[in-house]
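Report on the following structure.
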Amino acid sequence: MLLAKIYVTFKEGVPDPQGETMGQSLLAMGYQGVLSVRTGKYLEIKLATADKDAASREVEEMCRRLLANSVIEQYRYTLEECC
Amino acid sequence: MLLAKIYVTFKEGVPDPQGETMGQSLLAMGYQGVLSVRTGKYLEIKLATADKDAASREVEEMCRRLLANSVIEQYRYTLEECC
Amino acid sequence: MEPKVYRQMGLTDYEYGRIKEILGREPNYVETGMFAVMWSEHCGYKNSRPVLKLFPTEAPWVLQGPGENAGVVDIGDGQAVVFKIESHNHPSAIEPFQGAATGVGGIVRDIFTMGARPIAVLNSLRLGPLENPRNRYLMAGAVGGISFYSNCLGLPTVAGEVYFEPTYSGNPLVNAMAVGLIEHKDILRAKASGIGNDVMYIGARTGRDGIHGATFASEELSMTMEAQQPAVPVGDPFREKLLLEACLEIIKEDLIIGMQDMGAAGLTSSSCEMAARAVTGMELNLDLVPRREEGMTPYEIMLSESQERMLLVAKEGARERIEAICRRWGLEAVVIGRVTSDGIMRIKEKGRVVAAVPAKALTDQCPVYERERRRPSYLDRVQNTDLSSLPEPEDYGAALLKLIATPNLASKEWIYRQCDYMARTDTVAGPGGDAAVLRIKGTGKGLALTVDGNGRYCYLDPERGGAIAVAEAARNLSCVGARPLAITNCLNFGNPEKPEVAWQFYQAVVGMSRACEALQTPVTGGNVSFYNETEGEAIYPTPIVGMVGLLADIKHACGSGFSRENDEIILLGETHAEIGGSEYLAVIHSLVAGEPPQLDLEREKAVQELVREAIAAGLVRAAHDCAEGGLAIALAESVINGGLGARIELESSLRPDYLLFSESQSRVLLAVAPACRDRVLALARQKGIPATVIGLCGGSALEVSLNGRVLFNLSLGELEQTWRESIPALMAG
Amino acid sequence: MKFGVIVFPGSNGEQDVYHALDEVLRQPVDYLWHGDTDVSGYDCLVLPGGFSYGNYLRAGAIARFAPIMSAVIDFARAGGLVLGICNGFQILLEAGLLPGAMLRNDCLQFRCQWTHLRVENTATPFSNRFRQGQVIRVPIAHGEGNYYVDAATLAELEANRQVVFRYCDPSGKVTTAANPNGSVANIAGIINREGNILGMMPRPERCVEELLGGSDGREMLASVVDWWQRGNSNGA
């Protein structure tokens, strides 16, 4: 079994209002050192296979087709053995 | 400058309707190997400091107070030098 | 400058030549960019301006017609309603969620720049068939974006419309309309007068997003565009909410001369349009513009279409108070320039002048093209299709169920339950009826709102289709008891450089104008969206009409559902053998052909007056207009909406399918108490309107018979389930 | 009795609550600004619906740190009446004034619709004008109303009769089909153990006039006024 950990983040230059608002809030809460916040999604997908190459191709495709919105988002992922 | 990478995930046992729906969609799209999908949040926070210990304490506190809701969520983070 | 450079910005050689003439020199890069966006179709209306002049724009109750950010109509008691519709088609085709969301954001800003408090939003969508996963993705995204943005703003989405046709598959339409309420004394015009006054920037920071969006909206979508990934605007409804509250406070305190949002063409259009309206100039210092990204060039700053930004011209001495209000709302407010007397837009960066062009040259000297018009050849083919030999359906019940399940006629609840339609607690009638009805707090009055259009009719005859769009919108308002006041419109067409499209455009505007004149609903504003094509194929010509009306007494607001046993059902108007362009023809016979139904505007007007009078006199329990799907669908909808069956007995020499499904205009169904029936019939006689008692409300089925023969008998449960579950089932894939 | 309606950046239900209390119930009411720190002089604080801070991160998460919240917490701990509606409920959860947390609706979409609620406990300041088990009609409008608590806390809530409203069908049956968002045990509204802080996802302020389709919300708000008046005349 493999565990894919997928990180979906906004592309460079795409505004992230949510991150901006959180940044301002953290400043208001007294965390003066906060320079910027960018938000993203984190997904964990368990896969039945043990074949890393096949899994990698599949995860790549899932990201492209469903998990990330290629117009504004980018993704990366890691694969590890699990449970 | 330090970059905190923060992962907020649902605690074990907390329902994740979005993850479930994604899992179903992936199966319907033909990815038969998908056993489960869990969603989470990924945050990148840039911090002005270079002091890792201080930063770590601060990030820990931010997570506890704001970034994760301990009723349903857990968090982990890494700190790295950046830009 | 290399032709390649300005051509890429969207300027033609001729236009570039004109710029050189106007300036008496070569424009620099920044200036060329400013001209390119201001002279784009989206901002300059270069292909539509002469045609738009045909619209009637005046009436005693119109306080502001076209030319400002939104139209304004008097509703008495010192109050006025402010409204406008706008397209966000191209961004939505690329990224439906953000495209639709920022469409709402933009149109809402147009309302509060006039000084009005936004009170409601509406939308109009056109998509390809839901059987196609891409279209489902577009629908889910567009609806998600609309609900995300308007819900967060706390604005109810009170009405809308959506149609599915293959023609929109490559090029969906997303039009958003917003409505606001204002006291006459607060009406603000977007002018930059008062030499020396501060020009202030408030709201979100400027990033590189959406550069050249206006030009993008003025081009055909190509297959490669998705690959090119033009910067999609991203909406921040939270910031817009803060901006809205801050701006309204600023206006209440009378601190500004005018304001305009930085929407299409961003800082360039907002600044030069305000200056041009006041015949002034502006000097802007770009170093002071708040940025989201580092290293932005003057070109990028002038053309960015970052959302949720406003440009204000402050009254003398008002700057500090404006800053304080913005600070309280957590917004940045910066003076970035001042009003000048020489009519020049002078843009500075790091002490250097990076652009200096006359404001008027950007706004008023945009070339205007009288495009060649040619009647498209397809019209002969489709209009002359022989429809008389089509077979009758064998089973009328099955035909009706099939029709009511077609997404164009099925329940749209899947959409509107995602949108908060009750926010602000004024929604007396939300989505699902003929028109939305909002009470106006503190008065006994109500506003009625609707948005309407039928691309298929316009494809078959743009003139008549345009007129019907206006007539039907007005009829919808009349059916809730409201007097139609005025319209806003969004004209969605293909490439106007094609003579056939130019002809469609012209014809549609002629038809709309004719109906607006007859029904006394002038045009107060709108928006033109050309270049809605994919791979050279234009969409159906699709003018969308947004209309507002006034109810003198909110207590008389009328619904469309049959709800009382033994109420009598009256059909006003006449049914003709008119199935051209109908849903029946499309769904049952897979044909888009024929002529759209005739429209007699005198009759239309009289029917609507009758309906309004009867409602105002308290004679009517329900009123519903017969539109797409014809009499049978209107009956089914009234039965479902009221939760009560009906028994209908028709007498006619028409073919049964024509009688049931013709979309003849100027017809309205009424349900009236038995005691009121004769008064309604007498009123109809007086006005010379055919009125036929066709049946009774009651029971739990819809039964329709013709000349004594039962055509169908369907249980309410089956009707409702078929109607309600169709779109959810399709969306589930 | 004097109400204070708290305005957070991004709140949008405050005018609706204000209208309901002022125009319909004819009670004195003021807006309170999130940056204020004093809530003295008020008998009931209302945290209205809307999208405080855009509901970015999690609904109510950021608003919970607004300066006024310390005063609200002190007020609540001292027994003051606090009503959190929709986003207000979410803020109360984030602030720890009520147990549990909100997840996204299980349908993953925002829902605006009328719902039926069964009144499970009438011995509260917020529900005393209803009959035990009465079915009322109140609209909802939210995307994150899927209430979650762990099993142990749920058992405690039930044991203490802290569940005040539950989604049900028109006949009062608590069914999965009648649950619009997936919340545990069909919970629509809960009260704290001491009985002075109520959070609910449905919007009572939206159903205070028949013109808008119903007036059960008016009864709910009138309960608060009755309760307060009784308490005060007893005390006097």
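We call the chains A, B, C and D, going by the order they appear; numbering starts again at 1 in every chain.
Keep in mind that, in the parts below, a contact is a pair of C-beta atoms (placed from the backbone, for glycine too) under 8 Å apart; a residue touches a chain by one contact, two chains touch by 3 or more.
Keep in mind that what you see is a predicted model, and the values were worked out from it rather than measured.
Q: Could you tell me which chain lies farthest from chain C when each chain's centre is the average position of its Cα atoms?
A: B
Q: Could you tell me which pair, C-D or A-C, is linked by more C-beta pairs in contact?
A: It is C-D, judged by the count of C-beta pairs in contact.
Q: What whole-Å value do you get for the distance between chain C and chain D if each is reduced to the mean of its CA atoms?
A: Roughly 36 Å separates the two chain centres.
Q: Please tell me the distance, in whole Å, between the geometric centres of chain A and chain B computed from their C-alpha atoms.
A: Whole-Å distance between the two chain centres: 9.
Q: Centre to centre, by mean C-alpha position, how many angstrom separate chain B and chain D?
A: Distance between chain centres: 30 Å.
Q: Mark out which residues of chain A touch at least two other chains, giving numbers and ranges.
A: 17, 21-22, 25, 29 - these are the residues of chain A that touch more than one other chain.
Q: Two or more other chains in contact with one residue: find those residues in chain D.
A: Those would be 53-54, 56-57, 62, 65.
Q: Tell me, which residues of chain C touch at least two other chains?
A: Those would be 236, 238-239, 330.
Q: Go ahead and list every pair of chains that touch.
A: A-B, A-C, A-D, B-D, C-D
Q: What does chain A use to touch chain D in their complex?
A: 17-18, 21-22, 25, 28-29
Q: Quick check: in the complex, which residue numbers of chain B touch chain A?
A: Residues 1, 7-9, 19, 22-23, 25-26, 29, 31-49, 55, 58, 62, 65-66 of chain B touch chain A in their complex.
Q: In the complex, go through chain C and note every residue touching chain D.
A: Those residues of chain C that touch chain D are 144, 147-148, 151-154, 236-239, 241-242, 328-330, 416-428, 439, 441, 554-555.
Q: What residues of chain B sit close enough to touch chain D in their complex?
A: Per the stated touch rule, the residues are 13-18, 21, 41, 65-67, 69, 71-72.
Q: Which positions of chain D touch chain C when the two form their complex?
A: 9-10, 12-13, 15-16, 19-20, 23, 35, 50-51, 53-56, 109-113, 139, 141, 143, 203, 205-206, 208-209, 211-212
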